[in-house]
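Just so it is clear, A, B, C and D label the chains in written order, and each chain counts residues from 1 on its own.
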Amino acid sequence: MNTLGHIFRLTTFGESHGTAIGGVVDGCPSQLKIDFNFIEKELLRRKTSKSSTASQRNEPDHIEWISGLLDGVTLGTPIAFLVYNEDAKPSDYEALKDIYRPSHADFTYEQKYGLRDWRGGGRASARTTLPIVVAGAIANQILKGQGIQIFSEVVAMGDAEQARKEGDTVGGIVECRITGIPAGLGEPMFGKFSAELAHAVFSLPAVKGFEVGDGFALANMKGSKTNDTFINRDGKIVALTNHSGGIQGGITNGNDIVFRVAFKPIPSIAQPQQTVNRAGETCTIAVEGRHDVCALPRAVVLVEALAALVTVDMGMMANTRKTQ
Amino acid sequence: MNTLGHIFRLTTFGESHGTAIGGVVDGCPSQLKIDFNFIEKELLRRKTSKSSTASQRNEPDHIEWISGLLDGVTLGTPIAFLVYNEDAKPSDYEALKDIYRPSHADFTYEQKYGLRDWRGGGRASARTTLPIVVAGAIANQILKGQGIQIFSEVVAMGDAEQARKEGDTVGGIVECRITGIPAGLGEPMFGKFSAELAHAVFSLPAVKGFEVGDGFALANMKGSKTNDTFINRDGKIVALTNHSGGIQGGITNGNDIVFRVAFKPIPSIAQPQQTVNRAGETCTIAVEGRHDVCALPRAVVLVEALAALVTVDMGMMANTRKTQ
Amino acid sequence: MNTLGHIFRLTTFGESHGTAIGGVVDGCPSQLKIDFNFIEKELLRRKTSKSSTASQRNEPDHIEWISGLLDGVTLGTPIAFLVYNEDAKPSDYEALKDIYRPSHADFTYEQKYGLRDWRGGGRASARTTLPIVVAGAIANQILKGQGIQIFSEVVAMGDAEQARKEGDTVGGIVECRITGIPAGLGEPMFGKFSAELAHAVFSLPAVKGFEVGDGFALANMKGSKTNDTFINRDGKIVALTNHSGGIQGGITNGNDIVFRVAFKPIPSIAQPQQTVNRAGETCTIAVEGRHDVCALPRAVVLVEALAALVTVDMGMMANTRKTQ
Amino acid sequence: MNTLGHIFRLTTFGESHGTAIGGVVDGCPSQLKIDFNFIEKELLRRKTSKSSTASQRNEPDHIEWISGLLDGVTLGTPIAFLVYNEDAKPSDYEALKDIYRPSHADFTYEQKYGLRDWRGGGRASARTTLPIVVAGAIANQILKGQGIQIFSEVVAMGDAEQARKEGDTVGGIVECRITGIPAGLGEPMFGKFSAELAHAVFSLPAVKGFEVGDGFALANMKGSKTNDTFINRDGKIVALTNHSGGIQGGITNGNDIVFRVAFKPIPSIAQPQQTVNRAGETCTIAVEGRHDVCALPRAVVLVEALAALVTVDMGMMANTRKTQ
């Protein structure tokens, strides 16, 4: 289940310190001139080495385009791409080979698969989200042509610089807004726009919460205060307020889609922690390697990318109905 | 997209005041003796007329079993079932036919489909969640045979009796716990256990938030406080704390799965509200009909049912790998 | 896996002598006025009692429409329908309960599921194809609005009247033609139009062969004789011949789609046959019950229905690409 | 729709003269030690340059393994692999850029996508079947561990050497046999083993027919001659004959699965042919390039590979049911 989407589909592959990571975008419309500059910029936004909160791994992140393009234009066939893991240093991780790092996926991967790629988190590493950014940038290009734009920002975050000094890490919240989105997208009963977004963002490492519109705050409010009144604005029916976050009954109402994603602190901390190894023996680790203090700065671009993938997919799904 | 699940799949159909609502469960193992009493009890828990917070619609909710069973035992073929809408009073809704109720799905359904079933919310009605309860009860039976149990409870809710007096409604939060679940369930990258749960619960009307483990609270904490330490408990490796809510890297770690779902207040309030009709004219409505003051009491059973569907599906998916 | 199609999806359920058989059509465009007369006529074409080659089971085949329609117009929500099994006589089959009829699915269903519905073939009965006809008729209505028509006929069949006298059965071949189909439908690599058709028709009982265009005959021919020359006919590029059957590279070329389906003789014969029972004991059976001598007359409408389902689905899939 | 399979899934990508072709195998069980020698041998069987009937393109076909393996053992994560197109000579095809070769996919791809990769057939080239062989070899390894074996052979073929002299091409028929397969595999109603096989083989270029067991010949026979009698052979129930080709009711009965696939002659012939170009002007072409006279020798390994993919997938699907 390494494929996301129904029509516009992204399949990703790759381990953090394997040969390469990459993806296949299937279902992309043909005759789209790819804006490679934009994709590079998005990758740069995600890149780990630019931020004081981020890890020291230094990857050129050069995309090798494998298929689906002719002279930079989409053919309608699958678009495959790779990014080689050039700065991979598996040996950094050898000491952790037999240790289950607390709140990492080491233990669960081994429980599931009977073995795991211990090199830098393997498939569970945040590096494996890179193909999402590439595919999301392609999706974003399609959306721009439709007047749809996506913005994310960090709306809550712990004190990262303090945490770094303490050998600790922090979490935070990303808010995302999709503007210019038409009413009528989303596929009840089990493909509601909100459900598709929730599904997508929970694919990211460290995500522990998701809410749309006023979200959890709505649980403490009354209907008379949270209902979004419809008005007629210059001949167009719109909702005056947006407690719903642009989605009602699982379908967009034309207002901005607004949602928030909660990230837990990165589990790799420099402070010594107690854990157990594969033999079940208690041991102490202090994770060194090259790790972020906070995932939020790079999470922003990931959330945008996933929002773009879901939005394009829901738009293409809505198109299917134009048959009659 | 009215189908949920990958292997154990539920397809639902039906409008609130149409002939009937129902579902088809495909992929259910054969030779399971259905516990009809348990299913009836679950339906009763969901039933609308028993609670002071709930609406007055009085449905017998008798299940007609259509297929997939022989002498009450599953055949491995699709299990179809119906519940007729016997107390349907479409005329109650005639006055609302051309009006877009605030924060309901009236407007978005019309934007999407060009028309809508105005009788009691049609497909967007909470009544259409009934098949989820039936299918969830079947899933629950399978889980019980595996020692897995699911419990939900309301952990936050507005003051319903006060709201009723004011012609208002309230929201709340349901917490769900899955116990006895083995480590190793969940399908990265895009079928993580948390993502599947998020997807499922956002299929319910009025859901606006979802969090796993400590959820949004993790955004304000430090890694040193939120990491779950592994210990060796009598030869078994377990996580001592459960900030992760039983899921790490998208895969169960053997701890209880804990998640919470936020519901907005029901949008049908008795207080007069301003809105617009299909002609774009401003008008005032006071929703009467038979509506709940709060969806939470019945949401509890729905959340459990969806958790059961997801858990069975993830378990069956994990079984596929036993090929070699 | 009781669902056919990607966007326009049919889920079927029901056993031959259970409560009812039926289906759910998901993904049907909204605002389609259903032609109930046409559907009834299609069912009548399929009906068992009208032909001298067909069985004596006498079912009214009245369709109960459960959901997805308002005043006969599609809502865009799932269309569920049932046909009750009113003339079901399970007792006719009691003698066969423990016997594996040769070339029937009795043995394989038991091997798969550990039990089977022995009443008239259960889920493996030809009666379970009825929902395909209903859904196919809806699909056909959509196609007619697009100028696409589908015709099938029996092009080969054994001597049925002679076979009846001998207590025997015969097979045959159905040819189907889809006219008015636009070029460009079909989804390489693994959703080619021909592959989708092949998949669909092999869902029917007794199907053992499928070929497109000149099919198996092409294996004995040379390229110079089988290539379809393109010409410019009044400004439109068309293939002058149709050895390809309207599909090249898995995509329609605008010519008629032509394919053939081979059906084996019905395995229920009146002549005594040797077989074994569940205990592994050799025994002799002479199948009485109410069985056809030849499935071909009713297979014609089934093949058309499946062709319609595939064609609508491929058309809707092609629509997805209109995003940019 | 470049993905085949439900649980064991192959996604392919690549154009004939693009950067590379490749695939992603998702859902492969972990802890499988890959037999790279076997995969290389299978690729060699498919290779174009070894046969007197085959084209002159000389590719080393070196597989680059990108992900999913650690020390040659599967991790349970997606297995991505590439084969670079090193001997690609796009310039060979420049003359054909604007011409629709008869019975090729040039015209249909342009009708579908609005453009096409004219370099050597692009995505429609037989070269794009290479990833099927790689994935099929992995599937075959799994099957061998279960005692299942797959053999194909050419059972009909035109006179290739004569055709080469005449600048012509020939078609033929491949027969495939799967031995050691357990009873009970296949997923009615719409995932029958026969339907899955039919779907898979029609993904290959030039396939125009598919039949199971006695196939089309059954259309001319009587039930009394085609029924497969069950007998008790040393305590095991088996079918004495195999007119059904090992599949009854869409489910395996434990006999060998036997099916045949008809291939049309390769459409690229050296003889001059009339056709039209993109401007609609009549023109004459004599296809030179590097083309096979007959696809059959390499089709043998492709048919085996697809049979292996389907068989593993159906086996894994059957495993899902072991939940209770």
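We take it that a residue touches a chain if its C-beta (ideal position, glycine included) is under 8 Å from a C-beta of that chain, and two chains touch if they have at least 3 such contacts.
None of these values were measured; they are calculated from a predicted model.
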Of A-B and B-C, whichever chain pair has more C-beta contact pairs: A-B
Over-half contact-pair match to A-C, picked out of the listed pairs C-D, B-D or A-D: B-D
Cα-centroid distance, chain B relative to chain C, in whole angstrom: 36
Between chain D and chain B, distance of the C-alpha-averaged centres to the nearest whole Å: 43
Inter-chain centre distance, chain A versus chain B - centres from mean C-alpha coordinates, in Å: 25
Chain A: positions in contact with at least two other chains: 1-3, 12, 27, 30-31, 76-77, 112, 123, 188, 317
Chain A contact footprint on chain B (complex, rising order): 1-4, 6, 12, 100, 102-105, 107-109, 111-112, 123-124, 128, 156-158, 163, 166-173, 183-192, 194-196, 198-200, 202-203, 205, 207-216, 218-224, 226-232, 235, 237, 239, 243-245, 247-254, 262-269, 271, 273-276, 280-282, 317-318
Residues of chain C that touch chain B when the two form their complex: 1-3, 9, 11-15, 18-22, 24, 26-27, 30-31, 64-70, 73, 75-80, 82, 112-117, 119, 122-123
Chain A to chain C touching residues, read off their complex: 7, 27, 29-32, 76-77, 142, 145-146, 188, 312, 315-317, 319-324
